[in-house]
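Same chain, two partners: chain A is paired with chain B first, then with chain C.
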Partner chain A sequence: MLTIALAKGALLKDSVRCFAAAGIDFSALLDKGNRQLMVPSPCGRARALLVRNGDVPVYVSYGQAQLGVVGYDVLQEHQLPVAQLLDLGFGGCRMSVAVKASSPYRRAADLPAHCRIASKFTRCAERFFDGLDLPVELIHLTGSVELGPITGMSEAIVDLVATGRTLAENGLVAIEDLFHSTARLVGNPLALRLDQGDMQQLVKELAAAAQPIEVA
Partner chain B sequence: MALQPAAGARDLNPRQVEGNRRIRQTLAGVYRLWGYQEVDPPSIETLDTLAAGGGIAPEELVRLVSDDPLGLRPELTASIARAACTRMADHPLPLRLWADGNIFRCLQGDAGRLRIHQQIQSGVELLGEPSLSADVELIRLLLAATGSLGLQPEHKPTLLMGHHGLLQALLEPLPAGLGEPARAALTSFDRLSLQALEPQLGNSGELLSLLELRGRPQQVLAQLQNRLGDMPLLQDLGRVIDLVTPAAQGLGVELQLDPTFQPHFNLYDGLVLKLVCQGADVPIAIASGGRYDALVGRFSTPASLMTLPAAGVGFGFDVEHVRELVCSTRDGQQTVLVARGPATPLEVALERLESLHSQGIPAELLGEATPDRSAAEAVASQRGCGDLIWLGP
Partner chain C sequence: MLTIALAKGALLKDSVRCFAAAGIDFSALLDKGNRQLMVPSPCGRARALLVRNGDVPVYVSYGQAQLGVVGYDVLQEHQLPVAQLLDLGFGGCRMSVAVKASSPYRRAADLPAHCRIASKFTRCAERFFDGLDLPVELIHLTGSVELGPITGMSEAIVDLVATGRTLAENGLVAIEDLFHSTARLVGNPLALRLDQGDMQQLVKELAAAAQPIEVA
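Our next item is the complex of A and B:
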């Protein structure tokens, strides 16, 4: 039986829909009353592990889950040895640098050297500013990152932006994108090499199911 | 404050140590049968040696604070190859050497914290033999050693075999600049990156089909022959496979030829191997190795005391992974508990203890006298002793 790690939160509904299109029913995960963290599909072909976003690549890299669905942003931040198999197309957002709307800075490269940048994604931020050759002081936060510039703790933030509404309501504006992120199907490289065909078959079915979503 | 071992360092209990010791001795017994001699390379080497000519990323090395750039070994091969080139000038070739011991790797955890990972490795190196016979001997020895470990059919041992030259030949037709990204994507099984490269190759699906090319050696060789023509490397590989298949079949080890497989450390430039077993929940890699001629060439310079032919093959078992597979928690030799009643003097108990030892029976002493046999039985059961010798009424 294949074990698939699915991320709680925004990606879950689309992940369940994607697997349903490939004939695997994980809809029990969407029941409001569900408290189970490991749910087998009724067909007996696979079981789902319900884990936090950042833990999906961890379960997959250790091999406890052969496959997983997680955002590209998480893969970029954690850099674990997992194989990227498919772009599932949903969960689109941007990793962006944002500053106060009243700030004079309009490009990341305009930010002053050694300024403070608050982020949940400090590794992505570090790589980005290293690439710009701009030394910055990174402040790791675990949420409500928008408060960084509002309170004056940081000049800018690096955060995920889906619609831009949260930024706008907090008086911030995105000035540059690091990358565009969508949900990815990832796999354990060793399990993929030892696969007797089950995983490859499922990847093919998911690829076929993901195509219409990309077009839409 | 609780005193804990450093993060990543191992604090093994007696049962784990006993399990590891038995595996190390079993493997050593096989290595000796094949004429390999034990060496004991240092745990500390210069970073230049440890990096193995760029095969091992600097951030994976545990560095020491010292005047010289030193670190702890992340594997045994580079140290043994270095020692063979500088210290074994008077030995006839080829050199057959084995070693076991701790290795240390540095991992970067979340929030950028460095963790040290300690493992026990046991392996062999065959140096100075450039011919195909060394590859065959290495695999046959790996199979013989695997056969000695007591693996069960449910462990489904599979030997993944790849070849640096094969991957090189498959990537050669690619336009300049695409070879490296394609290699990285193929070896890390990154299907999305390959898809991104496809348009530059006219969307032929060639690269993606390479990612699916693996399986039974003869079938994969036939497919490779169709792609690459009748090249000598394929003939050699076919010969190696012919020579190791009977031994693998005899031991129930599945052989899988996987042209895009490369091990984690980039030491190798010829044949590469990884032995994987099915654990209780996940596949567990228990051994890996391959041919590392360029590494030997790097150490074997005119400045070194001898010029070894630039040829070397070797493998290493991860002893703790093997123990996880083959040793149940009940394993380990049980001792006999020697206990006495209040009327029996300590001398009598000590004499009985040593008489058991002289017969080769492991026995331990209950120092304090117990009021009756049932109290001694309770202690024996609590300590996990297999038997009780009661000296009393």
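Our next item is the complex of A and C:
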């Protein structure tokens, strides 16, 4: 039986829809009363492992799950050894640099050298500012990153932006994008190599059902 | 006006009670409809900054909050430069090593060398196993750490245990404690040095009201 790591939260509903289209029913995960973290599909072909977004590549890279669905942002931040198989298309958002709307900065390169940047994604931010050759001080936060500029702790933030509502509510504005993120189907490299056809078949079904874009 | 960083979640109710006893009313934070992250007390002496548990020492160490309330576990994990002022006594729990109840391990030293340990607190775990001179492979997870042994990814976990209910529900048992944790009042070292009496006064009132144990 295949084990598939699915992320709790924003991606779950579309992940379940995606697997349903490939004939695997994980709708029990959407039941609000559900407290189980391992849920088999009624057809017996697969079971879901319900974990935090950031933990999906961990379970897949250690082989506890053969497949997983996770945001490209998480893959960029954690850089774990998993194979990217499909761009599933849903969960679209941007990783952006944002500043106070009242600030004079209109591009990331306008930010002063050695300024402070608050983020949950400090590795993504580090690579981006390294690429600009702009030295910055990164402050790792685990939530409510918009408080960085509001409290004056940081000049800017690097964070995921979907609708932009949270930024606007906090008087912030996105000035530059690091990358666009969508949900990805990832696989354990060794499991893919040892696959007797089950995984390949499911990947094909998901590709056909969800009409996603193949990752080059 | 003093800014006080308070942790969302389990410690919030007792934190509010603690400040109420010292004459500062942050009860608006407990209102379920509250979406504000900065809430001034009606008396005008202080304002609360509502942040994630792990972010409290960040805001205090950068001076965006002069005082903060946070679990000793977070202070042990992040080791940021904040002054520990008071043990507030509430939020008691243990940082423990836990294994499958069916496993043969009854002390941490029984675990095999190079076994895998899953934890949200990998720095605490690293120091502990270094102290035992037992080499282990640490796996950082962000939630549902009990899935580590259940899926076979890790032999043991290091996690916070309050009632032990989550462990028992997942067939796990705590075999050794790293330390006991309670909520602590922390302060920004520079703010404490420059204090004109406001902070000192509030710390004294909190000490008298909550009858906590002074940290040596």
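Things worth noting here:
What we mean here is this: the second predicted complex is superposed on the first by the 211 of 216 C-alpha atoms of A that agree within 3 Å, B and C clash if a C-alpha of one lies under 4 Å from a C-alpha of the other, contacts with A are read in each partner's own complex, and residues count from 1 in each chain.
In this text, a residue touches a chain if its C-beta (ideal position, glycine included) is under 8 Å from a C-beta of that chain, and two chains touch if they have at least 3 such contacts.
The structure displayed is predicted, hence computed values, not measured ones.
When the two complexes are overlaid on their common chain A, residue A:A113 makes contact with neither chain B nor chain C. Of the two partner chains, neither chain B nor chain C is touched by A:A168. Judged by the touch definition given at the top, the superposed model places A:M38 against chain C, while chain B stays out of reach.
With both structures placed on the common chain, the touch criterion links A:Q64 to chain B and to chain C. Once the two complexes are overlaid on the shared chain, A:A191 sits against chain B while remaining clear of chain C. Using the contact criterion defined above for the overlaid structures, shared-chain residue A:L49 touches chain C, although it does not reach chain B. In the superposition on chain A, contact of A:M153 is made with chain C only, not with chain B.
In the superposed model, A:A208 makes contact with neither chain B nor chain C.
Shared-chain residue A:A101: touches no atom of chain B or chain C. Contacts of chain A with chain B, set against its contacts with chain C after fitting on chain A, overlap at residues 62, 64, 140.
Taken together, the chain C residues at the contact with chain A in this complex read 3, 8, 37-38, 49-55, 58-59, 62, 64, 139-144, 147, 150-153. Interface residues of chain B facing chain A in the complex, by the touch rule stated above, are 110-112, 158, 160, 188-193, 212, 214, 256, 258, 261, 276, 281-283, 285. Of all residues in chain A, those touching chain B in their complex are 62-64, 78, 81, 83-87, 123, 140, 184, 187, 189-194, 200, 203.
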